[in-house]
Amino acid sequence: MADETSGECCHGEQEHGHHGYIGNQAGYLRRLKLIEGQARGLQRMVEEEAYCIDILTQVSAMTKALQAVSLGLLSDHMNHCVVSAAREGDEAADAKIAEAMQAITRLVKS
Amino acid sequence: MADETSGECCHGEQEHGHHGYIGNQAGYLRRLKLIEGQARGLQRMVEEEAYCIDILTQVSAMTKALQAVSLGLLSDHMNHCVVSAAREGDEAADAKIAEAMQAITRLVKS
Amino acid sequence: MADETSGECCHGEQEHGHHGYIGNQAGYLRRLKLIEGQARGLQRMVEEEAYCIDILTQVSAMTKALQAVSLGLLSDHMNHCVVSAAREGDEAADAKIAEAMQAITRLVKS
Amino acid sequence: MADETSGECCHGEQEHGHHGYIGNQAGYLRRLKLIEGQARGLQRMVEEEAYCIDILTQVSAMTKALQAVSLGLLSDHMNHCVVSAAREGDEAADAKIAEAMQAITRLVKS
């Protein structure tokens, strides 16, 4: 969980009433619902003893769907929280970019 | 879906009654159930307007869990289907390894 | 190559006389020199018919070194060009972030 | 470095006089030479203060080239050493596949 400081960009944005991704909230919920369905489909495949490679193909499709969600969230975050921190001052900008880089590093390494 | 030919390794293993991963079937089901729960947890975070970076952290954890499932399935597949194809003859070995390499390539690029 | 527009952040920074990474220019050159050495070491291994898995281990080390350079360059870019574009206005911010997201997407998928 | 045991597949192949990749030795040397050239090109870009995003694009291209080398080496390794270990017996097969899975895991995570 982000500590109070890392959440401050959001307080700064409270005037707009939301984080970066909220404009697409319904879209993200729909995509995560589909991903949940993929996780259930994989369980069915394992129960029905599907061919290993076919299961791997579905896991790759699910990983790609998750990756697309990550990149979307990151883009929304940069367009809102990072931009607003940059305008707030050097310290706010440094903190937000350090935090975003940690998330990007996790994404790149996973 | 694998065509009949790619499924043949499995027929060859019918004597053992299963694909490579079946010895761990319950384990894979449990792990996929947890991953399904992670997908639901992400929906809750989006609904509750959690901080973007916290959502990204959870997506990375879920991607890592999926990746571990993939590597497990691949290892089981190699230890059973690939080994049994190698013993069957050069043609069977070539086909199984080409198929496994396609799955590995998708894994590496996703 | 970036077109004139994408290079404009840099013109905007000409007063500082450099891009984001230039403060670390010597460090990046040193790291890329080491990576060049790793590429030569790999050729030696192939010539001397080293064991395949040992070569793969060295390729992974080299890929990790390259990835670290990418993440460093991206961080410097965000701290300089993206922050300065955000302060310039919405249009400049949108363009820089779209461009950075393309680079991040390539990084994540490679 | 592989210990003596992990190199044994190669002794088993000494009749053919080579590891899996040796049939393509010249091809791998040529590709690694190109990759070495890419590392030098990147140094030139940093020296000439090229635009950060253009450097990142070239690093991605170089990473992709390295990844293709890895997948090629792995495929050759599976087609030769893993197949020959599978035919040698269960113990040899287990050891070679465990070793290959470690290399694949490093590839997937890098």
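Letters are used for the chains, namely A, B, C and D, taken in the order the chains are written, and counting of residues starts over at 1 for each.
We take it that contacts are C-beta pairs under 8 Å (C-beta built on N, C-alpha and C of every residue); 3 or more make two chains touch, one makes a residue touch a chain.
Chain identities (UniProt): A, B, C, D = DNA-binding FrmR family transcriptional regulator.
All of these numbers come straight from a predicted model, not from anything done at the bench.
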Chain separated most widely from subunit C, comparing mean CA positions: B
Same-site or different-site touching of subunit A by its copy subunit B, using the half cut: same
Superposition rotation for subunit C onto subunit D, Cα-based, multiple of 5°: 180
Distance between the centres, which are taken as Cα means, of subunit C and subunit A, whole angstrom: 23
Multi-partner residues of subunit A (at least 2 other chains): 67, 70, 74, 100, 107, 109-110
Complex contact set, residues of subunit B against subunit D: 67, 70-71, 74-75, 78-79, 82-83, 86-87, 93-94, 97, 100-101, 104-105, 107-109
Touch list for subunit D against partner subunit C, complex: 1-2, 6-7, 10, 18-22, 25, 28-29, 32-33, 35-36, 39-40, 42-43, 46-47, 49, 51-57, 59-60, 62-64, 66-67, 69-70, 73-74, 76-77, 81, 99-100, 103, 106-107, 110
